[in-house]
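Note that the chains take the letters A, B, C and D in the order they are written out, and that residue 1 is the start of every chain.
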Amino acid sequence: MAVKALHAVSQGRNGVGAFILQCKKIDLHYCDWAGSSRGMNGFIKSLLPKFAAAHPQIEFTVSPRPTKHPVAIGHYINGRSKPICVRNMEPYEILKKLELLRDASGEKLKKVTKPVRSINQSVRGIWSPYHGNGMSL
Amino acid sequence: MMKRLRIERAAGQLLVARPCGPSTPGAALRSSYKCTTSQVPVRHSSSSSAAEAEHTPLYEEDGTDHARFPPLEKLPPNTSALPSPLPSRALESAKLSALHARLSLSPKIPLQTLARTLVDASADPNPYFNNSSLAFLGATIINYHASEWFMVHYPRLPMEVLEAAMTGLAGPTPLDRIAKAWGIEPAAAPGGEVDPGLLQFSLDQPGETVRGFGYTRTVVDKINKNNWQRSVAARVIYEDNLPALPSTTKAKQTTPAVAEQEEQQQEEQQQDDSEVDYAETSPAAPKFSPTSYGSSTTRELSEKAHANFVRAVVGAVFAHCGREAAKSFVKAHVLSRQLDLERLFAFKHPTLELAMLCAREEFDPPVARLLSETGRLSRTPVFVVGVYSGNEKLGEGAGATLEQARLKAAMHALKAWYLYSPGEGVKVPSDVLGQEEEEAAAAGGKKKGGWEPVYIDIGELISR
Amino acid sequence: MEATLSRPAARCSCLLKTTTPSTSRVLLLPSNQQQTRQKSTRARHKASLNIPPHPSFLSNPSPSSSSQSGSTTLIFNPPSSAPSVFQTPFKFLPKTDPRRRATLAKNLFSSSVTTNFATQPVDVSSLPTIFDDRSPATTPKNHSLTKEDVEEMRRLRLADPVKNSVLSLARQFGCSVMFVMMCVQAGKEHRDKVHVEPHAAARERWGPKKREAKEERKRRMEMLLRGEI
Amino acid sequence: MRHLPRLRGAVSASLCCSSPTHIRTTAVAAVATTSSSTKTQSLQRRNLSTSLPRCDAVEAYAPPQGLKPPPQGWKTAVRPDKITDPAYEPAQDGLGLEEVGGLDGWWENPANYGTGRQWVGYGPAEKVIDPAVLEVAVYRALVEAMIARGGVKTLTARMFAVSDSLLGSEWGPETLTTTTVQTKLCVGSNGALEFKSTPPEPQLEQKVTEEVDTAATAKQEAEPTEGANETEVLEEAREEVEVKEAVEVQEEGLTEGPISSETAQALLKEIGHEWKKATIKDYVFKYFVAKRIQKLTGHIIPDGKLVAINTAGTLLREVVRPPKAKKLVEEIENKQLFQSLPNVRVFPRRVTPIDKEKMVGRWKVIREELERRGLPVIGTANIDNAIEKKWVTGAK
């Protein structure tokens, strides 16, 4: 056999073909007693049903954590998690935080200087000094 | 590689639960689990979830203080002795429901089926509760679509490269990565009390994988016995048609019949035995021990379980939503991934091979010509060499020596030959599969442009 | 050159290589002699960086169309990059391919082609070839060798492998070296004596540097064939 | 200046149930002296204050019924060398010795506090939640209030005379409820509540009279006789028995709790819905009804809401309202907030690490391994945290 094969694994590109939301789970913890959880309790009662219905792809767990501040923890597909303490926040502030958790990719925060990245080959190829119609200056 | 699918029959066969309910409560249980108490939770397969067992008010005893921490889930006693969660628990799992939505699965696919796809054969050997049959179906569909895509879009790919491309796109490793990208979490140890939304596989036992249905060619035994060498094409025909199946053990293998001439016989055979054949993997697999955690064996088992889950999901989509849905699912999740085919080639004598190619195709013999050069006498020269056949440049390469540049140019020309593609818009056979049926249904309607024969190459170069 | 050396990083690199007399001399330069970009020189630099666009963008459309103002023209400006393997050469296209049928192809692939950096199309045959005596393209061909000829070739080779080398047999029978190598095979002793032993003896004499270089070269060749470099 | 005697008085009052008599008298004496020293000031204050002076209150204090002082007196054991009994053998250690006397468990024993300790609420301790029973209770309260207002002239005087006792009684026997409820109420011409048949049945009149009488007599019997604490020990014991009986009588009345849900539903069919439209305007009437409802069901209607209630229907709605959830989980459960959302899971309690292990199936493995090693599955089995440290350092 003249040609031997090398092995490579295909690379996934989220959004090409199918899009998977990176936030897979959000834990909501509250306390029945403490005042810092008042906004969280209100959020769970008033806003969470609508938010959860709008995001069926996120798993929500609501569990009490007595004598602790309320927390919203986002779990991501890359295995990381992002906890946000929401003590003394109003329900709509907590909604903003949950939207932040939903939109996050789970990666560590870093400055994005080039917002578009691609693994596709450039249409015109990589510039080479030995090709093309050069021009004399 | 392209095996003809006859899935209509297979799907019914695969998804069918047992026709009547389990005869005895213990029959559904794994025999190795000895449940001495009379309160044994009865398992029914997902299709008969209506006849759900009455839960006794007793909860499962798990060594914790139930007075202080009442159990979060009211499980019947001895649930953890079950190899996998009860199908009825699938409806309560938030994880499973979120997964269902994340994959944008049709509501036609019930959560019980999705829960079943998450149970690997190594966790639950009972084929009525594990995903082995669905995984087999899904593997067939994935491999079919991947191979048809490659064969139509790159008709000149050599067999070896095609196999490597298939493995790179639809093999266990890419499928494992797909499963991870779906956010699948594995359960630490499988059992009845585990959340049904977790992937359950065991590191203790390898489990069984469905390798084929029904008929087995007699020649296979001979081949295996004499240990004859086989080409890739022969491997595709005589062994499994899934080059990407993770099992590499050379134990007893049953193979499907694929040859066209055998079809009649095969159909007759399949009507006779609807029983599933299992390939026994080697029983001498290393027993899992805490020290072996994270070893290559466990990683391989994990990869296999993840890949089988993805295949089972495809199988489930096919079984519940049909061919078109399964095709678009495979297209969206498997075929949309990027694989650089250019990097799959490794040559031995590219110049020789190119000369033979030109001789076979009756082109002018290839001539290497220097196109440009710089720094011939310096430490870092660069030569740009083109390979010409007649007046046409076949390939081009730049190298530090003339020899290197010539080899690269020849390799470039060969890759350009092998990676010929008729274009993105070309139809694959499954594209017109549905169309033909539609046209047949609406007889007399205007034709929408049927099947155009695709380009088929005469084959790759064979040299010494 | 001086401008580059005046950069801080370059100065650091110079500090590292203080043993070289030339660079140490650079270090001794008084600071007022180092070029720094000032307002006075800015205009000069700006003027030199102000490069006009590529002539292909400025090329006038054909005179007939130029009379009609606002007509569109096609700018052909091939990428200054190595060609991709996914661009199939015209010859490799199968007969049924619509790209082959396009009339454009005829014009593109005439006897004269445009090579890199060439402003005018050049004749292919004028390009220098890289000679390879093993290549069947350059060796004389005799396709009328009979079975007896092949037998004779084998006999000669076995009789005196030193005198009847592959090259001499190819010249004698008027066929390619490749063909001779495919037909005949010298005895094992000869192979060992001519190819293996002297090479092994030579390898024995290699020092560590040479050995490393040879291994490196072999590795590089493997990488090349895998398309990695 | 006033704070001091008050404080001391309060302290002595709280202590008096447990302090011996002679201590109390000294305390009172001390208070008396203190107050006498500042007599002029207290007199000035007396003119301003409506309450009794503190010293008088302390002197007027009487301990509640059946209150027992803690056992008194200390006995000193005979020294071992002075024991003449030849069979006496001194103990070597305290292990086998029996404990005699002491106040162990005395304070915790409720029998030592008498009836004064037992708090009897105005309404039932647990609120009635069943809506059918609540509706019957409201209806009954309305009927009783109508009777009390003068629906039956002869009864009115008696009703108000023994209104205290009526309010003190609860559901009574079931027949009373049945007969009361069978009195039909309807909306009058002016929209007010009226009896359907203007003179209610004489049966009812008789029945209610009887019940009111029995309730009144029971109340009077239950009232404790004065001067119990001054009698001698034997009398005290006898009275204790009496008090207990009285408490039992009261408790029997209490145990005649609300009617069963089935009976209430059967009664509701007879009642109908017409009465709910009737308007209630009279404040006294509303107040009476509210008190009666509180007595029957334990639901307190605040005054602010009572003012706003104008019809029988709104009154009923105010009473028949599910109790406010104490926990968020209960509220979620009651309102079924996440019933249709399969991707939400609500846990009723804190999710412990063991729960998390159970969800991923690791707990059974952990448990098995712990049991195999003979280690406790939960808890530490009184093993110190730093047992390994002890092993390493060799410390005891």
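Note that in this section a residue touches a chain if its C-beta (ideal position, glycine included) is under 8 Å from a C-beta of that chain, and two chains touch if they have at least 3 such contacts.
Computed from a predicted structure; not experimentally measured.
Relative to the centroid of all protein Cα atoms, the closest per-chain Cα centroid is that of A. The most distant chain from chain D is C, comparing centres defined as mean Cα coordinates.
With centres set at the average Cα position, the gap from chain B to chain C is 41 Å.
Mean C-alpha positions place chain A and chain B at a centre distance of 28 Å.
In whole angstrom, the spacing between the mean C-alpha positions of chain A and chain C is 47.
Centroid to centroid, with C-alpha atoms defining each point, chain B and chain D lie 70 Å apart.
Each of the following residues of chain B touches two or more other chains: 94, 97-98, 101, 343, 345-348, 372, 384, 398. With touch defined as above, residues shared between interfaces to two or more other chains in chain C number as follows: 82-83, 116-117, 226.
Multi-chain contact residues of chain A, defined as those touching 2 or more other chains: 6, 56-61, 128, 130-131.
Shown here, the protein chains touch in an arrangement that is not a line, ring, star or fully connected set. All chain pairs that count as touching, in label order, are A-B, A-C, A-D, B-C, B-D. Those residues of chain A lying in contact with chain D across their complex are 30, 32, 41, 44-45, 48-49, 52-53, 55-66.
Within the complex, the chain D residues that touch chain B are 342-345, 347-349, 351-352, 354-355, 357-365, 367, 377-378.
Those residues of chain B that touch chain C in the shared complex are 342-343, 345-348, 350-352, 355, 359, 363, 365-372, 384-386, 388-396, 398-399, 402, 404, 406-408, 411-413, 415-417, 419-422, 455, 457. Residues of chain B touching chain A in their complex: 94-95, 97-98, 100-104, 158-161, 163-165, 167-169, 171, 173-174, 177-178, 180-183, 197, 331-333, 335-340, 343-349, 353, 372, 374, 382, 384, 398, 414, 418, 460-463.
Listing the residues of chain D that touch chain A in their complex gives 326-329, 331-332, 335, 337-338, 340-347, 349-351.
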